[in-house]
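Just so it is clear, A, B, C, D and E label the chains in written order, and each chain counts residues from 1 on its own.
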Amino acid sequence: MHLNLEKRPNNPRIIVGFPGFGLVGTIATKFLIENLDVEHIGSIESDHLLPLAAIHKSKLIGPLDIFYNKKFNLVILQTLSELNGTEWKLGEILHDLADDLKAKEVIILEGVPTTKKKESYDIYYYSTNKNFEKLGVKPVQEAVMMGVTATLLLKCKSIPISALLSESQSNIPDSEAAARVIKTLDQKMVQTEARPPKYTTEKSDLDYLG
Amino acid sequence: MHLNLEKRPNNPRIIVGFPGFGLVGTIATKFLIENLDVEHIGSIESDHLLPLAAIHKSKLIGPLDIFYNKKFNLVILQTLSELNGTEWKLGEILHDLADDLKAKEVIILEGVPTTKKKESYDIYYYSTNKNFEKLGVKPVQEAVMMGVTATLLLKCKSIPISALLSESQSNIPDSEAAARVIKTLDQKMVQTEARPPKYTTEKSDLDYLG
Amino acid sequence: MHLNLEKRPNNPRIIVGFPGFGLVGTIATKFLIENLDVEHIGSIESDHLLPLAAIHKSKLIGPLDIFYNKKFNLVILQTLSELNGTEWKLGEILHDLADDLKAKEVIILEGVPTTKKKESYDIYYYSTNKNFEKLGVKPVQEAVMMGVTATLLLKCKSIPISALLSESQSNIPDSEAAARVIKTLDQKMVQTEARPPKYTTEKSDLDYLG
Amino acid sequence: MHLNLEKRPNNPRIIVGFPGFGLVGTIATKFLIENLDVEHIGSIESDHLLPLAAIHKSKLIGPLDIFYNKKFNLVILQTLSELNGTEWKLGEILHDLADDLKAKEVIILEGVPTTKKKESYDIYYYSTNKNFEKLGVKPVQEAVMMGVTATLLLKCKSIPISALLSESQSNIPDSEAAARVIKTLDQKMVQTEARPPKYTTEKSDLDYLG
Amino acid sequence: MHLNLEKRPNNPRIIVGFPGFGLVGTIATKFLIENLDVEHIGSIESDHLLPLAAIHKSKLIGPLDIFYNKKFNLVILQTLSELNGTEWKLGEILHDLADDLKAKEVIILEGVPTTKKKESYDIYYYSTNKNFEKLGVKPVQEAVMMGVTATLLLKCKSIPISALLSESQSNIPDSEAAARVIKTLDQKMVQTEARPPKYTTEKSDLDYLG
């Protein structure tokens, strides 16, 4: 597993999402890539990934592609497939990437299971970044993280890292949970003066992503 | 996995087909090898391939044999078996081969699933080669590529690469879908002044390949 | 698999527990970490561990984290997940850790199956440390040890090592068996003048750990 | 996987048989070893072979033993077990052996499936040795070879190689198909002036081998 | 997989038994270790062995421990668990051990299946040691050996090696078959002037081993 990077942004904010609970991470990062003005700047390659490519709007997408949005200085990682067996190595590579680009911070978008009824879903966060306390969402007390979300949280010690955790009731693709995490990210962006104006978080905008 | 090459054509067009949907790639490349005047110029060997050889018309064929047609300067790869687990490496080796021979372009023949009714099947293309726009077939908008077709598209960055995608309704060997892709390839060959005159694309000619 | 250690206590007592019978080792070490004043001093990393992290009381915990209690000079290893396939290597790493820190001794907290009725459960020990004879618990005559408990006992030859074995009737998490092993450890601590005063071994205190 | 050779015959004919269809190769080579005057001259060893030894007539036999018959200058390989996963490597080692001993030729004894009725079974051959045309058996037109028979045919390029293919109706041990291949080999031996006079090909002689 | 040896006896007789048919080898070597005056002199370690330790009479036993009886100059290997996947390597290590200690001979205690009725069970031997002919037991004519018994017989070429094969009717632990092999070993020991006087071969003595 290794990283190919054609462009090296300086001090970016890195946003990642993996195919975890409710596919929240995958749907949310896909939304960002489609609604922000991004360019393809690299990929992560590994013989252990599924041999898989998507053609989307006539463009070729690999299993782990990296995009860049210049306006907000965002690096976004899109994951197209399951990552079974590569989680520790991928966590390490992403930490090295963050370190190498002197990233301001790393933000993971993720879903967490809940048994709550509709209309009362929450967003939680885990963060080593003090600024998250001002966000208006609650810190998570107890949770179990799986996959690259877990390994990246554990590996990423030299860079501030946060996970935005959106409650979801089932493990089928949940675009509403993804919408909530985007909305919160958006609010945070405001506070950090990096609000991407081009996307909204209406349910209707996200539905097609599910 | 490594490449054995006994002859090194210069600037060839490389045509490959893998055992994907409807076996379109396998049937179409087999048709080319049987209907063009070809010589065996090499093979790709790997302990990870199935231990398998075919005797066809009293000639021995390995799991990944490479043929050359001098008249049209075509290098054709024939794949006899499944390639599970070798997809990334094989994509890399084929890209290196193309690079090494200074190939004009790489063309993948492949099938894609459809739910369309008979008599309305389409051919699509994905290409980094501008000339494909003149072909009269539509660029593919949305698709998921699997196997070596996916890895070769992702790895092949320094050489123009195209995939001709023939719609097929089922995953059983589909010689009609293979005939359509050969016909389109043939038309393209005309435009590129490399029409192989010896083969036709009548259904009857291809039926025995299924 | 390798060890990350941020702090190097001198001559500590090392206490470990693995997810064995009745989860006795996991529950008992978790109890120690929650009821003693500990700091996180390191972790053991391996691509072979499950990609898993827990957030507990808003703190991030890895699959194999190492804690230190200064007052009693205790190094405690907490294991969050199954260790299948890493048992021999982990036994070796823990022995090297003990050797490296010039540990006074290593104590394994473990469960053993029994068919005894309630109110008559025993604690047994296996030890290469003569002091254990004064503890008032019986040496084990016949038993089969599995997992890291087995490999650590076999690898740890240069440092005194002991296993406190708490009888448990079933393989579901058994916090009472864990309470008994903590109580015995506590008594031993008294004899070795290292009694941790902050925790008790009432069933009620341990129940939530199950 | 490596070759141990205690004796190095010069310019021998190498005869091999693997546990393929109808166990024809295994039964036929066993017959040769039992009916010719042979000595054990080596073996092929590999951690990937089944841990298995036979005691036959109070003699120890390994999974891949090599015998030598001086009179006819024959090297015979006997395979006691399945070779799954070692086919490519074994094909390479046998080719190296043939190359190293400057073998006159390599002959594979093998079974091929047929749906023909009894009393009309055929023998076919595939050969890079022109002499086989005089044998009176037909060249094979279409067939799929599996296992070491396939890999050895593909690897063995510098030495003449032939496969004698005996039709068999089922995949249970077929000593009659093995008898037919021995009979043909015998006739060939006559033409090449190396007829082993000590064995016959009566069904009764081969029956016990099944 | 490697050997740890704390003591190096000179010219010993090496006796081994593996968990084969009827567990004859395991039961018989366990009997020897319990009834002779032995000391622990080493072990064979491997990440491929089951992570397993026994405590027997308050002593710790690893999966592959080596014992020494000084009086009769016997090195005895005890195997506690299945050895799947390590058979070839273990055969090699045991041969190297025998070679290194200049062992007089290696004796394998093993079970072989039979369909005979009770009261007529035989002991057979396979041996490269001429002295076995005087023992009064029959040489084995036809048999298939599995596991380390097979690999050790095949690897051990520079040291005389024998297998004492005790007929057993079923693959459940068969202490009577083990008793017969011990009795024969005992008789042989007499002839070789190394009779261990402390054990008898009454069924009652062995029963608890089953």
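Keep this in mind: contacts are C-beta pairs under 8 Å (C-beta built on N, C-alpha and C of every residue); 3 or more make two chains touch, one makes a residue touch a chain.
All values derive from a computational prediction rather than experimental measurement.
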item	value
Contact-graph distance - origin chain C, target chain D	2
Chain B to chain C, fewest steps along touching chains	2
Superposition rotation for chain D onto chain E, Cα-based, multiple of 5°	70
Chain B-chain D separation of Cα centroids, rounded to whole Å	37
Intercentroid distance (Cα basis), chain E paired with chain A, Å	60
For chain E, residues that touch 2 or more chains besides their own	none
Sequence of touching chains round the ring, chain A onward through chain C	A, C, E, D, B
Touching residues on chain B, where the partner in the complex is chain A	87-89, 91, 126, 139-151, 153-154
Chain D partner contacts - residues on chain B that touch it in the complex	43, 45-47, 49, 51-58, 60, 62
